Amino acid sequence: MSTDAASPLLVVSAHAGDFVWRAAGAIALAAERGDRAKVVCLSYGERGESAKAWRAGKGLEEIKELRRGEAEAAAAELGAEIEFLDAGDYPLRETPELVDRLVRVYREFEPAVVLTHTLTDPYNGDHPAAARMAMQARVLAQAIGYDAPGEPLGAPPVFFFEPHQPEMCDFTPDMLLDITPVFERKRKAMECLPAQVHMWEYYTELAKRRGVQLKRNAGPNLGLAHETMAEAYVRVYPQTTGVLA
Amino acid sequence: MSTDAASPLLVVSAHAGDFVWRAAGAIALAAERGDRAKVVCLSYGERGESAKAWRAGKGLEEIKELRRGEAEAAAAELGAEIEFLDAGDYPLRETPELVDRLVRVYREFEPAVVLTHTLTDPYNGDHPAAARMAMQARVLAQAIGYDAPGEPLGAPPVFFFEPHQPEMCDFTPDMLLDITPVFERKRKAMECLPAQVHMWEYYTELAKRRGVQLKRNAGPNLGLAHETMAEAYVRVYPQTTGVLA
Amino acid sequence: MSTDAASPLLVVSAHAGDFVWRAAGAIALAAERGDRAKVVCLSYGERGESAKAWRAGKGLEEIKELRRGEAEAAAAELGAEIEFLDAGDYPLRETPELVDRLVRVYREFEPAVVLTHTLTDPYNGDHPAAARMAMQARVLAQAIGYDAPGEPLGAPPVFFFEPHQPEMCDFTPDMLLDITPVFERKRKAMECLPAQVHMWEYYTELAKRRGVQLKRNAGPNLGLAHETMAEAYVRVYPQTTGVLA
Amino acid sequence: MSTDAASPLLVVSAHAGDFVWRAAGAIALAAERGDRAKVVCLSYGERGESAKAWRAGKGLEEIKELRRGEAEAAAAELGAEIEFLDAGDYPLRETPELVDRLVRVYREFEPAVVLTHTLTDPYNGDHPAAARMAMQARVLAQAIGYDAPGEPLGAPPVFFFEPHQPEMCDFTPDMLLDITPVFERKRKAMECLPAQVHMWEYYTELAKRRGVQLKRNAGPNLGLAHETMAEAYVRVYPQTTGVLA
Amino acid sequence: MSTDAASPLLVVSAHAGDFVWRAAGAIALAAERGDRAKVVCLSYGERGESAKAWRAGKGLEEIKELRRGEAEAAAAELGAEIEFLDAGDYPLRETPELVDRLVRVYREFEPAVVLTHTLTDPYNGDHPAAARMAMQARVLAQAIGYDAPGEPLGAPPVFFFEPHQPEMCDFTPDMLLDITPVFERKRKAMECLPAQVHMWEYYTELAKRRGVQLKRNAGPNLGLAHETMAEAYVRVYPQTTGVLA
Amino acid sequence: MSTDAASPLLVVSAHAGDFVWRAAGAIALAAERGDRAKVVCLSYGERGESAKAWRAGKGLEEIKELRRGEAEAAAAELGAEIEFLDAGDYPLRETPELVDRLVRVYREFEPAVVLTHTLTDPYNGDHPAAARMAMQARVLAQAIGYDAPGEPLGAPPVFFFEPHQPEMCDFTPDMLLDITPVFERKRKAMECLPAQVHMWEYYTELAKRRGVQLKRNAGPNLGLAHETMAEAYVRVYPQTTGVLA
């Protein structure tokens, strides 16, 4: 019911790296299908997620540049556009102006699907802040009376991607996405982020684990790949469908 | 990922009428697609859901016969097979024997999709009892070591259909099924149950309400029918998919 | 324990129309009992809930005037006072100043009962914002040290009225209010909002549905009207009582 | 809406002492209003709640007699009838026969209000077992087709009374009952249970604590007694009412 | 795993009195062990928790001075340092500046354990505001890139102390702290707050109640004091340990 | 408060393999500390968890023998005693007799700590059945009036070990146990179960993942091993303690 030929995918990410670990598979799948995929990074993660660079004595602007370059490389690997709003992190502040910028992104990009962070994350306040703004802006963009260019937005489904400590973030996956066909691209995108080399393995193993669960939930009769790789998501709004499956 | 050409649909219903109010749309859609649809009624609802007949002075066997006839007519209207296990209601007792009979149904029918009651219902203990047995039997049927004829079952997704007082049953719909194309058949199936004439209107109105919600969640751009009719469901296991939508 | 002779009812509504669909029955009942009833609209809903007027090419001030007139007519139909704080919508911003204005309303009006939106609503961020401010202001108004005219407020119970998609807003009704005696007034109040004519039927049907549930929960022995109409509410604070019933 | 002149109160208690600690105030209030009040003890608590007697070397029958005598004295103090089903405790077994006996109690007594244990209690499995049976029997008694003497039951509201460790039993009070006028009777009833003398003080203090909360929730303007005593309850089904308060 | 020899304890309190009622036992235990204990009061509670002084006609500055003196005396009794940020109460406003001040406290004090309010409290909005800021600042202080003096903070566990109406604040204790050895000091600290004399008894009784629960959960074999006194806490992050116990 | 010198550890496992994947680290740690550790297997998992043997054409008794041998080898590797109740699986039936056998185990073994399955598992009904019986028997064993040899049990804490699909089983870890010192023994115990070779890697990776989380929650300052291995647990009853940490 919402998988049209042209299904632009919008990813709203608090920091420059989040979309790689958490949603690269979905992005690469969209790109391979020929859909536009766009990542909006609200910040570069320059303060909260760049410990290695700070320890190496780099300065703020240098770190932002570094992170921007890495994220652009990862996005390119996945076939996605990327835009940086440079709103600052740690803390990422919720402001009407930033929400308004997101409204304009929605109106311009007209996403058919939206991915963002969970609304709970006791380890990182920027993540829920990004999610609240992504969801608020989506609702505002739907209103014809909201003063921004473009047509009122439809009702694109929203999915939360997987946080680093899922159980602590009330993340109970209700959707397991088979990313086997594009996993190599996800791996390469991860390798664009050399400061977090320990994460490459961590998220490769996570993809295997979610893949095992996908196979368990899909049943043994579907002829899935021996080593199925998956990403987990939580659906926010009810699914609308013409067939139960 | 689980919408194969042949997708048998199994409905496990505590009483003879439940499948009509709660899942007739899904059943009719399956039948129209050419899939087998089968309803298993654990009881006739002879004690708990036949007040009018009791007040009219009918006897137990007579009431069971009456309910059976109505349910068969409704199933026929929808294009579904129907089987009665006659396990008694009010209370419907959970027994190993009844669970075993359900295992055999699963093994024989090999459903691709399963529908049943919610696990909570403070107004009717038979409904959760049916759901517990339907889910327990599904798990047992998956084990090659379980001693029953047939092949081990795959992992068909399970959906809870809508109870009479949804909020009291922890029923938070996460799937809205468009039943507009088959609503007339659902209406006719409801009309096979003349003792509950007030329910015809009640569940017609519910289908409208769920339809409004479906349109609200699908967005204005999909060209849905002006009066979309829908049924609401809750997905029990994570969805497995190759595309987020 | 809190149903004194004089029980002023305060309704805090995000937009100009909410109180009609969601609480008109409670308001009309209060007015018929001779209690004061007052609606405070934080905004006119000029941007988010006036799509028809925007599509007709009307301007912002014109739309606000239009919405104000409709809401005044509906309030008059119900026998309620109404005040507009004109704080803007989509988004309705939470500010200390707006909360302070609400504190002054509480101190002046001295409500015995308060109605407002749910704290969760993924379809409309203004609704929870209004609820948070209504609840925050109520607590502040209780403190003698808060610098505003009037006496410290008592502890009026708060009830959430029913949102448009209840299950998605964690709205599990624990109170069903019999509005049969005043339903005609509610219907007339709804008809004061001609831009949303499809809502008249929708909320008439909802009142029937909640009425069926009321009868189901009250039991068959109470001699309730054949077609009982009801509104659903959620109680926020524990009920204090001298009798269990 | 359900506080008729004659409102029989039924208390379903797993063991012989529970009704005293948890619901004596509600019972005494009913009796003082002139309503019938009846306690059904499913067991004497002879194994699980009679440690002192076992340590004193008493035998099973002797302990049952002892507990029965104490409970009868407490019930008399409160003005309640009492019946013992002697179904055994630790464990209290859920059986169709025991549920059937409860159905017959409902049909005979026709309660307007029902009190029982919470459905969760990780410290005592008998308590949830009693609650499940009390709720199941209430539903069965409503069905005209259930084979037991008497008329079908209406829909009496059910309240859970307070367990010993409320937070561990998901007990979030939504009703605070003012028992100040009858607290002395509750105290005397407690003193009929000499083996648990430490509980007298514990439950007196609990009544004070719940009284403080009642005053906090009722507000300062109601002229409540300086030392208000209260019992806490959880309402199971939605309240039906003609007035929000 | 986190009970080193030197374990500084930090308490973040919305108002000047909260730490006494809710955490004085933990503070006194820390001090007796020789650990530093520090209380940070975000406000004096001058508006929201000083009703008696306002009724006596005192002015704002006078009340702040009064509250400061009482809190200092209580802290001294417990052996704790105390700092007042004087950010104002009713409402306590969440600002980046106040969070930044807390970050600096964390960086300077390097707590091994943090205590604060619950994230939910429908009776007092300042409490959750304080908790949100305490948790946000703790995360920010962990980032090397956050611009404040000192070393990045470790990951001190956070515990919520007990609110006044625990069930309404989602406070389900998962930790019961034996404060018997220091209860006299807690009592004396409470007596430093003469305006709330009714609270002395209330929180003494609460300590007894929590002590009874502690004994119930610890089991009869541990030789605990006849009258064990306890405080209840909720652990926020997973416990890390080398031994299950 | 409950980590005495002698702390016998009891593990109640539905099938013969569960204790290895889910709790082998805790068992090995106990054995290394010199505490007794005992595993009670309610069944061999002969029907539900022995697919490979069934496909190889083995018979029921042969499979039970095979599973018994594997489990004995694994227990020996870990330094634990093991007992098989041979109650049958798929389904594991809850009976008073089986609960009684567990009571006798508790009374004889006098555990200081108990490990068992989660109470929810939609993939395997035997797991919650085992947990319910383990918890019920623990409560019964505490009662002096329960007719079984031995002294009444104290109140040993209970922990749920990690199920195969944690999020679907409401498993939110609140305790991360460092098993680095004994991981090699866990690995060897896993290798005693050759039919499930794919699980060796799966649970090795899980231990790494939980180890990363342990380090994240313990903080960077504790000098933990580079590759910390961990098991996750959920605490059922409140922790009783003399120190917050």
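In this document, chain identifiers A, B, C, D, E and F correspond to the written order of the chains, with residue numbering beginning at 1 in each.
Convention: contacts are C-beta pairs under 8 Å (C-beta built on N, C-alpha and C of every residue); 3 or more make two chains touch, one makes a residue touch a chain.
By chain, with names taken from UniProt: A, B, C, D, E, F = PIG-L family deacetylase.
Computed from a predicted structure; not experimentally measured.
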Path length in the contact graph (subunit A (PIG-L family deacetylase) to subunit D (PIG-L family deacetylase), fewest steps): 2
Shared chain contacts [subunit B (PIG-L family deacetylase) and subunit D (PIG-L family deacetylase), defined touch]: C, F
Neighbouring chains common to subunit C (PIG-L family deacetylase) and subunit F (PIG-L family deacetylase), by label: A, B, D, E
Selected from B-F, C-D or A-F, interface repeating B-D by over half of its contact pairs: B-F
Higher-contact pair (C-beta pairs counted), B-F versus E-F: E-F
Superposition of subunit A (PIG-L family deacetylase) upon subunit F (PIG-L family deacetylase): rotation angle, C-alpha, nearest 5 degrees: 180
Self-contact between copies subunit C (PIG-L family deacetylase) and subunit D (PIG-L family deacetylase), residue sets same or different by half: same
Distance-maximising chain from subunit B (PIG-L family deacetylase) - centres being C-alpha averages: E
Subunit D (PIG-L family deacetylase) and subunit E (PIG-L family deacetylase): spacing of chain centres that average the CA atoms, whole Å: 37
Residues of subunit B (PIG-L family deacetylase) whose C-beta touches two or more other chains: 123, 152, 168, 173, 213, 216, 237-238
Graph class of chain-chain contacts, one of line, ring, star, complete, other: other
Interchain pairs in contact, sorted by label: A-B, A-C, A-E, A-F, B-C, B-D, B-F, C-D, C-E, D-E, D-F, E-F
List of subunit F (PIG-L family deacetylase) residues in touch with subunit E (PIG-L family deacetylase) within their complex: 1-3, 7, 9, 26, 29, 33, 112-113, 115, 152, 154-157, 159, 173-178, 213-214, 216-222, 232-233, 235, 237-245
Subunit A (PIG-L family deacetylase)-touching residues of subunit E (PIG-L family deacetylase), taken from the complex the two chains share: 96, 99, 135-136, 139-140, 143-147, 152, 236-238
Subunit A (PIG-L family deacetylase)-facing residues of subunit C (PIG-L family deacetylase), complex: 46-48, 50-51, 54-55, 60, 63, 90-91, 93, 122-125, 168
Complex contact set, residues of subunit B (PIG-L family deacetylase) against subunit C (PIG-L family deacetylase): 123, 164-168, 171-173, 202, 205-206, 208-209, 212-213, 216
